[in-house]
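If you scroll down you'll find the structure; I have some questions about it.
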């Protein structure tokens, strides 16, 4: 209960906090939310299904209002809470964090995200899915560049189109299950109606594809990132996109696996195209944020393709990679944000020689660069390793395509790093890192290395959920919840 | 202390050193920083020696399980056997010498502590690479050394003149290595799919138990492994990064790009020998690539004017030679050459470092000359190194090279012939280098000359140690024909890790033949030495300027235009694709397509609005039309559908 | 008696007349521009409906339809009142009762 | 029945109280009357009415709900209009009186069970509106709107009557259940009946403002005042839609499948035409009129849904009406000389209540959960899903265009540029906004009862 | 002359005068023709034995409403030729639309014609009498009758409100 509603309450309170106190309030509040979720984590037994809300009756429309979490959801909740704390910390020395509206909206978004991760009812899931869109939209609008309407519209309408498709699919799902409870939906029987299942899942997938974003649906991303404030980009990239990936693992596969056989290879192909396409475009981008946006397309294409393999290892690896991508996203956009803050530009051509004047920043940026190219010792390595392995096992062509990210990733990331940090000393004045930025970088590095050396901790939590899906797919599972 | 703990200490010491230096180094005096780092590596070396002496059988140390996936686990395990301990000794031994050297060489550098941090990290990664008991840990080390290499090549990114070039070289090295890494990854995937484990020992057992089951997949795996090896060990087609990597500080070149990291590919191949033995095609490919590399690199080295570039191409060439040995299945021979090469190449690089240090960072041999008197210790040690690499009889290089040549002779005279050409070229460019640098008159101007001085003790001691090793290194693996009892000590030592597969042993060779081959090699080395002495000392020939060169010299000095070719074939198309996709597809098709659609939708609003003309009669007219439509719908439907 | 009760034409004739009146009213509404004439045409249409209802009433021998006609007349009267007052008001504003003059609101 | 009488009498009293020229008193009287009407409607079944209950006017459970909603929305409209009406003290009471008379018509239209009550209800509903639209007498736009509405409306009435006559001619009765019985006994294939039904449908489409009978909508909405527009968009539309749905789901249910094609056509064209035409508008009320056409398109799905049509419509209308009233209120607050949308710039950023209401209203109109608008649309679409999937998909696409429309308004209103532009609000306006907010946020909770 | 003939002649006259309503250029003539049409319709009512309605029709329409129309015409001084230049295309399309409406209605309802063909209507003498209608009106349809008062009040208020001359627009 408090897990879900604490952010909402704090979010509403945040709107009324005087400007002077917003900053500490935001950080403390986010940490307290994180603490609450950690308490849940401590009391959590990996094989449990903790119900937060479990009304016995079924309401009209098939609404059940069930909410609860398993290991998978709890990991996502923790990720959300941690990332939001980090984002607030990263923005500590920026004007935006003393804005009550920003803080409030961030918590509202957190509320929507936690709700999404813990909802066990189709309509609730959809509701939170849409709800998450609103705060981020306002954050992007109010704190982004003022001339960003076009990009914003594109973002909003794209995601809305996806959501509407998802709505259609959920409506259709209603004909296959007695109500919208997750436990009923996963038992929806599509035997003999695989094409219908494929169409329904296609609708849901469309929503996810837009948000991830998969290859042809990504055009909203780069302009949105470019125009967004640093915090907004972080929220978008580190959290919003994860909603879709989580949805794929938790909702799409267990419910509609019968139909997904038709979608498996198309999505994997799109993911594969995205990997190469994003990487290739990223190579020549001049704007750091655009570059990272395309890099993100590349990374997420890999994750999406991996999830669509439906193998336990691939999904576990995807989860590791999801967490890693959150770390990377926060890290890289923080770097871009720091540069933009100090120099008012993100164009690589205008940068150069920053490492000379700001060696600490240079060092941390390098660390983040290596984290993002998934070198060993970081979480990305294990994730990428197993994902590419599974893809390779599925088909060698997609395996090789996916592996190209190793090389291309190094190319564009090092180019970005080199272009901005080394080279001709165009930048002569550059304030080095502030304490909060140090702290953020250090925490992120710790997390990345920690998960890189011992990813088992994630796997232990999510394994029961994924095995649940597997058992479901093999067809011998009865549910009582 | 048990072996396990000793091993873990051995590995972690450099890491601890790196951590201390990394965090506190800035606030500590340089002497402490340097000696701490050196001590860490040296203690590791000592531990390694302890383990070496107490080595009996293969020991596997389980540290922890990284992750357990559905059908495979990833473990952090370490393996102690003859091969790994041998590599460990080379790494930590040479490593501590180079650390020592660096204390002097880098003494004026701002990033002193950073340098030692990276160096220690590198040693740590390298130890992971060679001590890991499975391909997974190996990969950690593999990539780790790549990162350290990147950091160290680009160490002087702040340099006003060369900063950009340095960082570009670092990037190039990293990316090229990554291509190789991808190959290694694929090999790992295939192994996981077929063996469901990455442990060397287990895979080895499976393969040796039923080789016929795995012949097909072994070919694919070994090809991928070899791709990885070409990346790290700078073979064709991925060798161009190594010469560029000389942008790093000289100790780095010595340690990473001559003595240790580049031999990782050799190590990998030897480590996977049980697989390579099942894949004769791959071995043939390795042989061909090795030969090609050694010749091409030697050719290029002949007309390089940068002292370190010459040595770099020489390294590539020597690595090619080692791969030739691998391609022939002579694993221990390759390792022997690795060892001797580590000695003399480290010596040469450090020597060149000493020269560069003395010359105030001047690297162009055209500006040197006559340094033999100014820097005597460097001169002598460098001479020893040159002799060793050129195959001067009874020096270390002579023996190791000779083994390879003997194997080549065994396999095919053509191979032998080509290798002889390469060996000759090696001698030529090395003596050219030596004479141009240390003899003749000083060409760098008076001002520079006044600065030239012999390096300090911390730099000369490693030189002397390495010189001794270069001279006597051959003892490790004396040819069996000549020295019956002492012979092939190293090969025997390493036998336990090569699984006793059908290796060709030079023992089978006729004794006379062997001696003749040795004589030919010695003769070549001596004659080239004489020729070079005449040309460069007596005739005072100097390296030509570009304009005066004839065709082959141009080819050589321009590195066969390979960089340019790569640029045209691979880099430009991808960058073109990037720009084109971004501007054409992304912008025009996806972006503008959508905006066209939205503006079309908005514009269509103007058309629909026109219907609303504002005239009441029009509204009424349309209402009537609506009713007519409704009734027509009824008439049509009831007439035709009922 | 039978003869006496014959009201003249058959059912279909009255329906025909009613449709004709209705269509004429509609044509009037569409063609004429004078608002008063428009109003009259609408009254004509309402009368067509009345005629139809009375016809059916007779046909079914049921008085209810005639009550309905009564209500229609009531409503028609009210509508005429409102219509005329709107017309007067509009005339005051634009000094015209030509409906073509009213097209400021469009698009 | 009691509620109807109470409301009518309140209207009458209001007319007389108006002579005192005290707008507050008038408002109080009207409010008390409306609340009394609401309560008597609410407790309709719990007490013995002093009036004899009439066969032709009966409230089933759903009709009861609709009646309550209509009274409630009228109350909100009355409050909304207060600020505007009080400036014209001469006519304050006339506004209220006419509005209440119209409400009695709406109640008749909701509770009818024979065609007499239906017809009278429709007329009582419409005739005061003709007047209310034109009540800004000096304003030529207003009189133009009134003229247009009146003539198209009378024309539609004539068509409706012709349809009624034909229906009567084929079934011989004005009682809804008897007509239904006659239809069920095989009358539904009679041409006369079908033509009658089609003509009635045309008139219904006119009343609810669907294509191709929508033309009056934009002009009339633009020409009328905010308060009247809010009333039209909420109560009038609600009553007309209810009657429409009631007719086609019960009385004519055996014909409905036959005419479904036409209704679907009307739905699709209304949706697209409404949203597309709205895109380029500069007048707020005109834009809302087009948006209302499109929303009518959604609401018409209820006609095709026998089982849940009325319930879905109720939810949908509460979402739509509350959002529209809230937006109209905001428009009233920001309106300067014209109701140009440009006036909206930045108001949401500097006025929190307006901002929140505006965002939530627009999101609800766009169909984003968890607001009532979403649940309405969801119910309507989900019931049409199996039978009319292509139309549902088209509706989804159209609602995307609609979302774009609302989003633009939202972005405009939330722009930071208008910062510092604090607006003055009356207590009544604040109450209206809060009531609407409550409706949008909580309306769907009715589902759970 | 049989009743049938009479009714046919009456019908034709009704249609003819109705046509004159829309064809005559002069509004006052239109009004007069409309009154005549109403008379003919009333005559048909009498034929169908709906005497009460016939009377009401005469009184309310011909007597009250039409006088109101004439009164407004006079009031606004519109008795001269007011028809502005007409849009020929508009007229034609309107005629086509109206004609089509007529044809379509006839086509659709032709089956009902066959249904009633040869069937002469049997008059039920009592239905249209004042007494019977009055009984029905004040028993079964009392409530609608009362409710129509709301309509009248609304119309009255509205008419007064709209038609009253306001101070500010006198000038």
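Residue numbering begins at 1 within each chain, and the chains themselves are lettered A, B, C, D and E in the order written.
Please note the rule applied: contacts are C-beta pairs under 8 Å (C-beta built on N, C-alpha and C of every residue); 3 or more make two chains touch, one makes a residue touch a chain.
This structure is a prediction, so every number in the text was calculated from the model and none was measured.
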{"item": "Neighbouring chains common to chain C and chain E, by label", "value": "B, D"}
{"item": "Chain at maximum distance from chain E, centres defined as averaged CA atoms", "value": "B"}
{"item": "Two chains sharing the most contacts, counting C-beta pairs only", "value": "C-E"}
{"item": "Centre-most chain, if every chain is reduced to its averaged C-alpha atoms", "value": "A"}
{"item": "Inter-centroid spacing, chain D versus chain C (mean Cα positions, whole Å)", "value": "27"}
{"item": "Chain A-chain D separation of Cα centroids, rounded to whole Å", "value": "43"}
{"item": "Centroid spacing, where centroids are CA-atom means, of chain D and chain E in whole angstrom", "value": "31"}
{"item": "Whole-Å separation of chain centres (CA-atom averages), chain B against chain C", "value": "99"}
{"item": "Junction residues of chain C - those touching two or more other chains", "value": "15, 22, 25-26, 29-30, 33, 39, 55, 59, 62, 64, 67, 71, 75, 78-79, 82, 86-87, 89, 92-93, 99-100, 102-107"}
{"item": "Of all residues in chain B, the ones touching two or more other chains", "value": "598, 609, 612, 614, 616-617, 620-621, 624-625, 627, 631, 634"}
{"item": "Shared interface positions of chain E, touching two or more other chains", "value": "90, 94, 97-98, 101, 105, 108-109, 112, 141, 144, 148, 151, 154-155, 158, 161-162, 169"}
{"item": "Touching pairs - complete list by chain label", "value": "A-B, A-D, B-C, B-D, B-E, C-D, C-E, D-E"}
{"item": "Chain E partner contacts - residues on chain B that touch it in the complex", "value": "617, 621, 624-625, 627-628, 631-632, 634-635"}
{"item": "Interface residues, chain C side, partner chain E - complex", "value": "5-17, 19-28, 30-34, 36-37, 39-41, 43-44, 47, 50-51, 54-55, 57-59, 61-64, 66-67, 69-71, 73-82, 84-89, 91-93, 97-98, 100"}
{"item": "Complex contact set, residues of chain B against chain A", "value": "64-72, 74, 76, 139-140, 142-144, 146-147, 151, 154, 157-158, 163-164, 167-168, 171, 174-175, 178-179, 181-182, 185-186, 188-189, 192-193, 574-575, 577-579, 581-582, 586, 590-591, 594-595, 598"}
{"item": "Partner chain C, residues of chain D touching it in the complex", "value": "115-116, 119-120, 123, 127, 130-131, 134, 137-141, 143-148, 150-151, 154-155, 157-158, 161-162, 164-166, 168-169, 172-174, 218-219, 222-223, 281, 286"}
{"item": "Interfacial residue positions of chain A with respect to chain D in the complex", "value": "15, 59-61, 63, 123, 126-127, 130-131, 133-134, 138, 141-142, 146, 149, 152-153, 156-157, 160-161, 163-165, 167-168, 171-172, 174-175"}
